[in-house]
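Notes for the one structure printed next.
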Amino acid sequence: MKVAGHHVLDAGPREVFDAACDPATLLAVIPGCEAIEQVAPHEYQGSLVLRLPGVGATFRTFVRLVDADPPHAAGMEGRVEGPMGTIAGRADFGLTEVDDEPAHDGRPGAGSDGRSIASRTLLEYRGEAVIQGPLARLDSRFAESLANTLIAQGLQALNSHLIEASSTVAPASGRPSPREAPE
Amino acid sequence: MTVVEYFLPRSLAQAVDLLSRHGPDLLVIAGGTVAMPLINDGISLPRQVMGLRFVGLDEIEPSDGGLRIGATTTLTSLLRQRHVPMLAEAARRTASWSIRNMGTVGGNLFTPPPGGDVAVALLALDAEVTLEGSRGRRTLALSEFQTGFMTTALEPQELLTGIGVPAVAGETTYVKFGRKEANTPSVVTVAVRVARDGEVVTDARVALGAVGPHALRARKAEAVLVGSSLEPGAIDEAAEAAAEECEPFDDGIASAWYRRAMVRLFVRRALEELVQHVALEGR
Amino acid sequence: MAKLRGTGIAAVNYPTGMNLGGDPSQALIHATTSGSFVVALSSTDLGQGLRTVIGQIAAETLGVAADEVVIDTADTDTGPHCMGTFASRATHRVGNAVKAAAEEARTALLEVAALELNAPVGGLVLDGFGNVLVAGDPGRCVRVAEVASKAQFEYGRTISGRGAYMKPKSPVDPETGAMDPDSTEAHACTIAEVEVDTETGQVAVLGIRSAYEVGRQVNPALVRGQIVGGAWMGMSHALYETTEPYYPNPDHKPKDFSEYVMPGPAELPEIDCVVLEVPSSTGPYGVKGVGEMTANSPIPAIVNAIYHACGVRVDDLPVTPEKILRGLEAKWATESAAAAGGR
Amino acid sequence: MGSRIVSFELCGREVEVLVSPMATLQSVLRSQLGYTGTKEGCRQGGCGSCTVLVDGEPMMSCLLPVEDVEGRRVTTIEGIAPVAGLAPIQQAFIEKNAFQCGYCTPGMVVLTKTLLDHHPSPSRDEIIDALGGNVCRCTGYAPIIEAIEAAAAGATTDAGRDAGDWPDPSGER
Amino acid sequence: MPELKMPEPLHVVGRSVQRSDAAAHVTGRTRYAGDYTFPGMLHLRMVRSPVHHAMIRAVDLSRAERVPGFVRALTWRDVPHNVYTILGLIGVEPEEEFVLAQDRVRYKGEPIVAIVAETEAAALEAVAQVRLDLEELPAVFDVEEALQPDAPIVTHWGSNAFMFEGHPCRRVRFGDVEAGFAQADHIVEAVYNSSPIEHAPTETTGCVAVPEADGRFTVYTNTQALYFSLDNTAIILQVAGKRLHFVGGTVGGGFGGKVDVIVEPIATLAAMKTGRPVRYVFSRSEEMQVSSTRSAWRIRIRDGVMRDGRIVARKVTSYADSGAYSRQTPYALTKHAANAAGPYAIPNVSIDAYCVFTNRTPSSAMRGFGVTMASYAIEVQMDRIAERVGVDPWTIRFVNAYRNGDMKPHRKLAEDATLIETMQAAAALVGHELTDEQRAMTSAPRSPGPEGSPGGEAAAAGSRAAGAPASAGAPAAPASTAEGVL
């Protein structure tokens, strides 16, 4: 399977890079992340709970940063292990500073709140992985589409986190949806 | 894992309690038409499963001009109701008679594309979903419930309990175009609702299926329609906008190229049908 | 929005038998005490009706009604060797083997009947309804069942037969390709009628009409079943099914019946056929094979009909709506370019 | 293991069977109760060869946990024929040669039973719509549709008649 | 049109007798291989390659063995004769397919480890727990790319083409095509492609292997060829044939997809090793993605055609995509070569039919084996020729139709030919108006003199094909074959 994409984040490359290496931030922004710990310099272990339709499962993740050239680039070797199989591969990230253009893709929350921000980062990612186990019997479209969704949601959450971190407002919870009081 | 426990709660309260006690490892199924094939094939290997078939959420009742649909209402029941014709047509075009007797309206909202065509009709009807869990009940627009490919806004301890279809104005049309007439995944599904003041469109919904991570609103196309009188120029411009903003994919049924071309064609055909009130020939 | 109609034809032949010959089949027959017969085989029935067809050939040769013959297949402990069911070979090969076995059993039967009727063997004849008659003296006759019973208990004779059929194997000359690979040829000519939607590229097959020549038909209803089922399969091959939708790219292989697109009952064209019978020189009672060929002629007939309808010839099966739409767009582009060039 | 007893009515008689959790009705019928008439074509809900009736409604038994039929009325192909002979639907399938390999036939016959219960004289389109979930790879569906039309029209003769000889189809137009 | 009915009607043959299995089919009482269950029966599921082409560095069964209900795992080391080819029985070689993968996998889904467990669910869970350490290799998927010198090599003997007695293709040479092209008024050339097709029978491939008290094994199987499967299983397990007892004969649809002997050897081996009955039935996704398919074909046809539509030269270059292993496909090329010129009298024919290996699911036999795609290509080509020459599609076929006594390109005299009569009947069926000449044509052998025979010019071309063509020196007709009477 292959994934690729890009996202503009409302912070400089340095803040983005540091946030991406901070376990507490990762715990808050990675969808379904239940636990994450740093087991060695640039090496993380964690668990992810995703209630996928028909498959609800807990995945254990192992991620190692390699060839890091902060804050401009980093390689990430990782494994996601679950009952339905394992996905192991590598992704490469590029972070380049961009001047203050208007929000590029019109998605709500991506720096479109009008406030002028010191500098912004274009984060590009490209990754390839081998799927093993029962998941390999599904069309690779499933793993790829799911990965793109989780990465997009993670980067959006990271962006909200970066905005809150840089502003004085008390940090709200990472989850976007309002909730009525229980009856 | 071989399933070691299969729960069949007889009430919503029992279901919510089981979910909060057993947490994320409890796989929730309704009609089983999504989960069971994966379990039979050894792709999904749950230890504990909860079936919602008998929790009593399978009723449809009209409510102030709209419709309250229980989450485990079967597609056959949705096919037989006469209140919202577009939902009956969406159910009729889904799977086969036996599967419609088992599959549920709620389950359809979790079905990844190119499935999940009832959700497309619900999106065009501004439907809302009701979620309930140990922390209470909340209501969410369907467009915010489906958050990505095979992901929703459902919290770990929550269940989808119902779908609300508000009393919405306007004429509707629905077409599902597949590689054959029946029991086949969608190449593209189009659900359109247009409210008009005389000739002028005051409100428009264009919902697309099988051309994105989940049912999509073609918002640019809708913007083109509002204020128009559905004249040919507006229809073509809206069809072009929908074809541009959709995110089609390749699969065994059709390529992204073909799906995008069929979005352009069937949005146009749907709008023309509204203008001519001619029964749309889906084939 | 245009729906264009077109028709296309195809004429084909198809060989009976495989493996350059050297594909033998055998059969054993014995009478039971009640005068019915059991045929022991190891041949397989895939649904084409082998049990029924071979039973008819045995019954015909034995001069008894069809339901007097039981086919016992397939068990390697009781059934003699058979190469297998493919290449439209079974009716021809196994038919020849069972006919030979039945002829041997009939000879044994007539010899016992001759003793019973005290008449020369040469003068006896089977009427096809389970009776042995003395030619020219219809009054003197005996039931086959009685002969079988007496053979067991009075004459101590076995009424049984062995049969084997093999077309001798012919090696292929690697230089010239000279070979004698098959036994006979069946023929078909199919006319397909289609309607192409030029906006979706979708093809509706309106009719598949064929003439077949299949030598003697053993069971006409079963032959018609192969022709109708094969027409549907040919339509499916031509327009719908593949395990690799983007061949030679191996991605997106279907894993179930919803992703493996085949036409359903709603896509059924009108299927019609006429069947000619010209006896083959090598088959039992002039039989040829028909099972394997019936999907063949509908495929090119449909592709030719599409070209006739909309001027797009797609040389890449399956001819999906996308390929037709791309073909139409390319055709319109060249036409408008030509028109532009022409001004 | 959380096995438990499930009881339901099977083809008119009460059965109680000890099942492991979420065993499918298909696997319980076939490997525990010996009702092998319900076939196993895909176990994905896509072929219909496992079609059974639950309280008269057709369902895919390969996707149905057996616990879900507790206390309900299950009808399989074994329950279609009367004690002796064949049901008119089965006779019509034979007369129209509406099968070849026979593997989809149980599902087709069970579906025809519930279709005719719902619509005693269905239109051709209603028959085609009902058959949408049942795959046949041999016959091309045409004889099956003809058999259902014949069964609906009550055109079948009494059970057990030898279909025997009828006009040689190659002779007629 | 000549009377084409059988002269003397018979009593039983020729009547539409009711099928003997009719009542059993409509009542669901017909027994198929997968319907057999036995006390203590185990279930087998296969661990398959998740990638198209890779070296196998390691297989870790430790977690799988801990799954409750796990009984045993089988790898290539357990298979007495792990490398085989099913056509070895009729002299085709080399042996090149692996019952269970050894050092590498050559197609996605290739079997690596057989897991045997008490229940289906336990087997599936254990399969999910097997860890494979694979090193991916470059893969090739296009038949013509696979024949390039730098292409990744699929087979273990170093070439991606099957060798037919010294040639990389099955050849037919009849007359002189180049001479034919030289004299032709038109050259019509096109390439025809098809993709792999699944047999998709409603009953998936499967069997139940049962150890008997006397040391024999009864295997209930839905193979299309009982002895063919028994003999191949005996070779793979290195046991005497007499120890195997295959029972079947009732198949839920075959279409050529149940002749690969793909489940019986491994199920019998598992029964042998565990002493218990073993059920191995393909899931639908296995049948769709891993069982053999109809080969994909690429068929290039180049025809030399005269102004009146007579085809004087046909050169066919065909590639069949055999996938990772040969199975039945080499014979498909031979059968293809015998039919790739079509039912037409053509004096100069050259055919090169390649059996090419790629990294995809092996192809094998399917209904119409080697001829279906040839007929598709030829019959579309005939329409192309008709259009170029300016005659209607019926005429082009009548002009070239073969007759009894014509010499086919593979040097067999045509016998039992009735193409002309069949086309005449088809025209009548759809109300197509034939010319008087077309109505009068028959498949009877052409009379020797060019003038006297019906069809004038066309017949002359035909007679040239039958005898020694004047222009291109085809060899004289061979001696009569055992059956063919000259």
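By letter and in written order, the chains are A, B, C, D and E; residue numbering begins at 1 in each of them.
Heads up, the rule we're going with is that a residue touches a chain if its C-beta (ideal position, glycine included) is under 8 Å from a C-beta of that chain, and two chains touch if they have at least 3 such contacts.
Quick caveat: nothing in here was measured; it's all calculated off a predicted structure.
Provide the labels of all chains in contact with chain A and in contact with chain D.
B, C, E
How short can a chain-to-chain path be from chain C to chain D, counted in steps between touching chains?
1
Let me spell it out: compute each chain's centre from its C-alpha atoms, then which one is farthest from chain A's centre?
C
By Cα centroids, which chain is closest to the centre of the whole protein?
Chain nearest the centroid of all protein C-alpha atoms: E.
Using mean CA coordinates as chain centres, what's the gap between chain B and chain C in Å?
47
Counting in whole Å, what is the centre-to-centre distance of chain A and chain C, each centre being its mean C-alpha position?
The separation of the two C-alpha centroids amounts to 60 Å.
Whole-Å distance, chain C centre to chain E centre, using C-alpha means?
So the centroids are 16 Å from each other.
Please report how many Å separate the Cα centroid of chain B from that of chain D, as a whole number.
Centre-to-centre distance between chain B and chain D: 31 Å.
Indicate the residues of chain A shared as contacts by at least two other chains.
Those would be 83-84, 134, 137-139, 141.
For chain B, jot down the residues that touch at least 2 other chains.
Each of 1-3, 37, 39-42, 45, 181-183, 250-252 in chain B touches at least two other chains.
For chain E, give me the residues that contact two or more of the other chains.
Residue numbers touching two or more other chains: 14-19, 21, 119, 124, 127-128, 200, 251-253, 255, 283-285, 289.
Write out all the pairs of touching chains, ordered by chain label.
A-B, A-C, A-E, B-C, B-D, B-E, C-D, C-E, D-E
Can you name the residues of chain B that touch chain E in the complex?
These residues of chain B touch chain E: 1-3, 40-42, 45.
Using the touch rule from the top, collect the residues of chain A that touch chain B in their complex.
Listed in rising order, the residues of chain A that touch chain B are 31, 49-58, 83-84, 134-135, 137-139, 141-142, 145-146, 148-150, 152-153, 177, 179-183.
Given the complex with chain B, which residues does chain E contribute to the contact?
Chain E reaches chain B through residues 45, 68-69, 119, 121-125, 127-128, 283, 285.
Tell me, which parts of chain E touch chain A in their complex?
50-51, 124, 127-128, 131-132, 134, 136, 285, 289
Would you mind writing out the residues of chain C in touch with chain A in their complex?
251-253, 255
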